[in-house]
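Here the structure comes first, spelled out in structure tokens, and everything after it is commentary.
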Amino acid sequence: MKFKRLLALFMALGLVASACGSSETDDGAAGESESSATTEATAEEETTTTAAPAEAEEPAAEIATDFGVTDDTIKVGLNADLSGPFASLVAEIVEGQTVYWEVVNANGGIAGRQVEMVVLDSGYATDKGIENYLTLAAESDEGVAMISENTGSPITAAIAEDAKDDDILVIPLSWASLWADPDIGPNILEKGTNYCIESMNGISFLADLVTENGDTPKLAILSRPGEYGADGFAGAALAAELLDIEVVYAAEGEVAGDDRTAVVTQLVNSGANIVWTTLTPGETADIFGNAVAQGFEAQWSGNQPSFNYLAHLGGDLAESFDQYWWQSGYTVPWNGNDSEGMQDLVAAFTELRPDNNLSDVYAIGWMEGLMVQTVLEQAAANGDMTRAGIVAASQEVTVDFKGLGPNQSWAGSYNDSVVRESYMFDADATAFDIQPVSSGTGSTGLFIEKGPFVSEIVADYVFDGPCI
Amino acid sequence: MSFGRPHLRTSYEQDSAIFPTYFQKGAAGLFLIFIVLMVLGNGAAGWIPTWLFGQTWLNPLTLVLPFAIAALGFNILTGVTGQVSLGHAFFMGVGAYSAVTLGGKGDGGVKACVPFADNIGLLDKAGECGLGLPIWIWLPLAGVFAALVGILVSPAAVKVRGLYLAIVTVGLVFIGLHIARMLPEYAGDYESGRKWPKLDIRIWKEEVPFIDMNEDGKWLGLIYLTEEQKQFFFLFAILLVMMAFAKNLVRTRTGRALQAIRDRDVAAEVMGVPEQHYKRVGFAISSFYAGIGGALWASYQGRVSPVDFSLLLSVEFVAILLIGGAGTIAGTMMGTLFVELLPKAVEKLTNWLSGNLDSGGVIGDLANIMLTSGPGDFGPVSTSPTAPGWPMSVFLWNPVIYGVLIVIFLIFEPHGLFGIWVKIRNYWKGWPFSY
Amino acid sequence: MLEISNLEVVYNEVALVLRGLSIEVPDGSVVALLGSNGAGKTTTARATTGLLDNHEGKSTKGTIMWNGQDITHMKPSSIVRAGISQVMEGRRCFGELTVDENLATGAFTNKDGAKRNYDRVMELFPRLLERRKQLAGYMSGGEQQMLAIGRAMMAEPKLMILDEPSLGLAPLLVQQVRDVISLINSEGTSILLIEQNAMMALSIADFGYIMENGKIVMDGEGQKLLADDDVKEFYLGLHGDESGERKSFRDVKHYKRRKKWAS
Amino acid sequence: MSSNETGTSKIIEVEDITLRFGGVTAINGVGFHVTEGELFAVIGPNGAGKTSIFNSISQVYRPQEGDIRWKGKSIMGERPDAIARLGIARTFQNIALFGQMTVIDNILTGRHIRMKNNWLTGMAWFGPAKKEEMENRERVEDIIDFLEINEWRKHPVALLPYGIQKRVELGRALAMDPELLLLDEPVAGMNLEETEDMARFILDIREELGISMILVEHDMGLVMDIADRILVVDFGRPIGTGLPKEIQSNDDVIAAYLGQDFSEEISID
Amino acid sequence: MIDVLLLAQESTGFFPTFLQTLIKGLALGSIYAVMGIGFVIVFKGTQVLNFAAGGIAMAGALFMSILVNDAGLPFLPFSNPLAPEIGTTPSIPRWLINLVLALIIAAILGMVLERIAIRPMIGQPLFSMAVITLGIETALGPFNRDATSLTARSLQIPWGLEQWEFLGAGIPKSYVGAMVAAVLCFLSINLFFRSRFGVAMRAVAFDQEAAQAQGINVGRVFSIAWGLGAALVAVGAIFYGMGPFPPQGTVSQEIHPVLAFRVLPVIILGGLDSIPGALYGGLLIASAEVFAGQYLAQWTSVLGAGYSTIVPYIVMLIVLLVRPYGLFGSEEIRRV
């Protein structure tokens, strides 16, 4: 191990490699998606081509590294669901990050190094996810500096402890309130509002809506089994307690399998006028569709992945969703606002991915990119881009999401670091029109109704740990 | 004895040995030495896995070992006894959850081990049941419990034949998945599962294990090994023992009875082989292997979720059996290696090809045909892992390749890799007089 | 006219069953093909009607000509269309189909003549008319044999190959089958009659072939063969030694014996 | 013990059994007995119910009426494997060998009921299991030697010629050390030479081991030569029992089965 | 919690709930029965237990969604002239014509698969043939998933979630649609079996070689069996994609592939080769599933969420313990 580090130092001193490498790859890679799946082979090739001495932008020699960072590249790993149930969603999120790095690399990369993504597919299977993690976290040439996306609560839960042991930073693509807890995931850098707080904000919003119409809110909570469902349910139950709302039906972790007849019957009979869901889009569509068909009228909303504009606004239930559904979220939608972040994002996609359809979730990948860049630059500034150094740097930064979502930092206690803002979106079936990015028109049908906002109950609440 | 005439066997004992000739004994020994050298990272023996699977090849290779054990069990049931089961994943699950219940860490004490503890008011909140016992208890018992469950379901399983059994066992997998959902106190969260005991060997529940498998260091004060190497050798040793058991079983009375049932069930009965009894034995032994395999797999992974024990896992074993060659132990091993490492190899190969896209020459051309790097290109495999629609990413192609291989092997080489191996061997035996 | 010349058939790419078989069935005649079990009689029928594929068999040499057309490698359906039908060994009626439906399968290649042929079959076998709505599986062996022959007649073949029609039938029924065959032949259909029961076959055959190990070992007119001593000995089951009397199986033992069984 | 002096005690008695499948009556009131050391033959046209009689004795089929007694004790309702353990072995009309197993393993499977090692001792191999396996292997080699199939020893039986398969099947039945051997068409489809070999094996087994046998066969020549007594069945009904000479001259048998001129037309199928 | 549930149960009348459940059971049973017949036809015709039915069914549903959503057809130079205008729900006749087109395409898929993978295996053991279809299922899966990941795959059901009121119960038009489809399928299959080709198929099922000897083109019979089987499972999948059924008018990659596996207990109960068996089995299993889902809901916390989906397997196991050959299958006579 020591020998390797010495060797790296020696090479860095002697060859001064970074600048030339980056300028060469700029020309080759800027416009092509090829760079997204850069390989070992290309990496080697690059090293050989950059062997010729060239002028350095900055001396790389001062930065300590261990795995995943060489003199001209930084590898970040993605443990993504590209063939499983969330593949369509995750593929676009990964695309968001890919495009982000193309832009960053074209502008010279981070600390003179090009960022390489190593994308592995978990298929949302825990076993495969763990295998992927072991590959990404390997203490060898194949290891990455940090994991910039790890799909799903289950897989994140499965690797949380290992990530701590390996001292590697992981950004989860999961918003369970667990990850912000230093006891559970000190190395898990949660992004955005967690399900629990999202539920609290969302139910406050719905309750206000009903109260304005002169009704007394009666809440039904539907959740699926697992961390996601439990966290969303915990938040909803907490909100009901704090707001003093009657819970007329609570299907805690009871939504699973294909037949939800009983849930629908009980929901319809419960007399609820607010429904909060912590479900998958398929489950939402089923329960929502059946309930509406049986004449059930209420204000619906749910944690972020309960709703999928493609399936719900593009399907048979579009009008009903338009009528009854409010979508909750913590990143701005595609035509949500004119923030700097959204303008950057749209500009980059228009140039680099003109044929892709517009999507709300590119922003999530883009924000992951912003986070990683901020953390890595801090680490570089600290002169320590070892895995441990990156973890340490993450505690020192505040990430500016440029209006795509609330800014965030991870230092301090749980209560200090959780993000309390979220958004409520109005679903508009008539506006829904998916077009290629380059057309400049089209819409995902989601518009910001309120936000970013913090409900009173969330603002006042002291979070002394995860909700579950 | 008779060095000059390797085919002359002087006793029945020699004739029915696992490796009857000195040549075979020597070859097996050399193969073992090769594996040890390879895992120890010896350059000469290690370049093939490095080239195929990259630097971290030891992890995927170690992962093959528990699957190989479970596959041996599947072979006993389906290859040897001829009972087509799609329920192997279920029995792996039974083994794995027995292991975690006995060896895992619980948070609700013994009370949590009562089913529905929180529903009947024993506990306020659902807890996880784990007794924290050492591996020498949980590993064998994982197998035993799986075998017992096998016997428990056998009344339904031994009565039905052929495809009916296949369907019944499909049902078993779905029911098993649901039971895991009903009993989170054993199974943990339905999607993220729970933590399994590590492979460390403890005498009892002491803090510092007797043999530590999860830290680099000297093993029993003898040889310096990394954590990965330790785990590999440990699992490999278990696999060898299980292979020997399987081989012995097949060459003795019970094994013959099982094969007889496979080949002609009615004739077997008339020869005095009670069909239902031996089907039950086959079921139990197969489940035992599945249980051990499942327990070791989960333990090596550290964490698996109930959903991992799905029908797809069962189908994997069918593929292993068919691709390797049914009924033989060597075939089972070949099949497991092939099926478990194939996706990884395909991924690496695609990466390697995409690295050579612009290199010209044969490889470059091949890469251009196979891959699509941007719009306007017509290769079936997309280099971008994220592009939806056609062309598909390599991750989506992997199951396609795997399914197509099952079809191709069945149509063109029903005896699987083992059959191919036998053909090659016979060719060389007859060489230069190949006919 | 059917002409099989020098036909070789191999099963599973190893077992050579027909070794250069040559026979002829002239138009309008009854030809008997005799031989013991395993001689290759059924294989000959399969090769002629294109059913070898089902048994991993292949004709590797020789030709089968039907009225000047090479049918060696034709599909079974084309061969039936060309006018050759087979009544398979063991009758092979479709047990889960009614008598009418069984006959309908026979008319698969000959939709147009279905009605005419149906009437003809029913006229020939009044028993079938009585049972036309009954499942074939519940009929007796003799009735099934009638049905199988009737089914083959539905295609209006010019050549009918009958494989062991007397197998498993009581002597009385064998007589009936023999008469039916004569009748069909008298209406102009050539017959290739494959039999182990040499007596029955040769009594109506114009010409007979005797095969052994995949080859024709003897041929001649039916009556002539019946009178032949070798035929008597080997194909009529009359094993004999020089004295002309049968040799008892009790006497064959021990002459090969090397080792005592239980000691 | 010579072939003429068969024992007097009845080893098996079949009493008026009737077997029906759905609407079909396969056996209709068949009864007979076999004494110790006797070679009893059952003949009749195809589909007459001969094989069904065997299947009833080995309890693969359960006759609805009647009784079958083994040494005086009823075996009705026993399972086929229990029948085998009593000492009744059989061969099958359409060879029912274990196709993928070698000749040795097939015959060793016949030793199943005479062996004791179970899955546990078998897996361990060393110790009693190994000893037992070797002893039985020796016994199997004797049988292989007797049946003159040495060269095929290690071949999977499915690949063997028909005649050899028939012998292996006989060997497998012999390996059970039976007291009664049921032979279902042992020479069907064989040529004269093979038939002679098989006849020789059957007679040897009988003379040297004194095993009683029931023989179902179409080859009248063989049956008339070697059988002690003969039962003729037709359409599941018995139409005559007796010594070969009696059968040949029994009018019912001639009418239903043999045909008028048996002396000239011996092999009617 | 339980108090809340009990209150909820009382607020609607017993009878409407019962009626609604019954109708749903019949509708789901119709879908199971149609898919079951798809299995049975393939098994009768080619002796193959078609584990690939899930993949084929979902592909069929996808063809339908492509036809009713997109003007163009993938990989083909011409477009679908009957496609409704983008973004509009088609009229019922137009939708039905597209349905027939989709079924034809699904049938072609079935025939192609049969020709490529099954035909070379004819005569092999049942196990090998069934496993081949497992291979096909594995290989089809990614294509289906890839296709659903592009956009939402709506089926543009013309009647959406409309329902009739009947004795206080809401009866969705889709349920009635499923039942009508099942009756039509059942009748036409019965007619087919009396036709020349149907008789030929039954003959092939009974004795392939004897059928060949009659001049029946066995290959074509196989093709037809697979074509029909594929079309029938596609009918099931498309009608399962309607309104109040879980996927709510879309093709779901979570549910559709598993649907076929839920039909397996149906054909086990009905017997692998019995068409009426598939019908009775489908109705029985679906009723058990739907009634259990409705009336055991109080016990969800003990039975586990989604317990009703395993009811078919439980029913199957119980029946097999008593009758190893299913309720309608006939016991085979073991031949020696």
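Letters A, B, C, D and E mark the chains in the order given here, with residues in each chain numbered from 1 onward.
Criterion: a residue touches a chain if its C-beta (ideal position, glycine included) is under 8 Å from a C-beta of that chain, and two chains touch if they have at least 3 such contacts.
Bear in mind that the values here come from a model prediction, so they are computed numbers and not experimental data.
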item	value
Neighbouring chains common to chain D and chain E, by label	B, C
Per Cα centroids, the chain farthest from chain B	C
Most widely separated chain from chain E, with each centre as the mean of CA atoms	D
Computed distance of Cα centres, chain D from chain B, in Å	44
Chain B-chain C separation of Cα centroids, rounded to whole Å	53
Whole-Å separation of chain centres (CA-atom averages), chain A against chain D	75
Junction residues of chain A, two or more chains touched	83, 87-88, 91, 225, 256
For chain D, residues that touch 2 or more chains besides their own	60, 92, 96
Multi-partner residues of chain E (each touching 2 or more other chains)	142, 145, 149-150, 301, 304-307, 309-310, 334, 336
Chain D - residues contacting chain B, complex	58, 60, 79-85, 89-90, 92, 96-101, 105, 108-113, 115-119, 121-125, 129-130, 132-134, 137-138, 141, 172, 176
In the complex, chain A residues that touch chain E	83, 85, 87-88, 91, 224-225, 247-263, 265-266, 269-271, 280, 282, 285-286, 288-290, 292-295, 308, 310-312, 314-317, 320, 357, 434
Touch list for chain E against partner chain B, complex	49, 74, 117, 120-121, 124, 126-128, 130-132, 134-143, 145-147, 149-150, 261, 264-265, 267-268, 272, 301-307, 309-310, 312-314, 316-317, 320-321, 324-326, 334-336
Chain C-touching residues of chain D, taken from the complex the two chains share	23-24, 45-47, 145-146, 162, 188-192, 195-197, 199-200, 203-205, 208-209, 220-222, 225-226, 234, 256-257, 259, 264-269
Chain B - residues contacting chain E, complex	84, 116, 119, 155-156, 159-164, 166-168, 170-172, 174-175, 178-179, 181-182, 266-267, 270, 311-312, 315, 318-319, 322, 388-390, 392, 396-400, 402-407, 410-411, 414
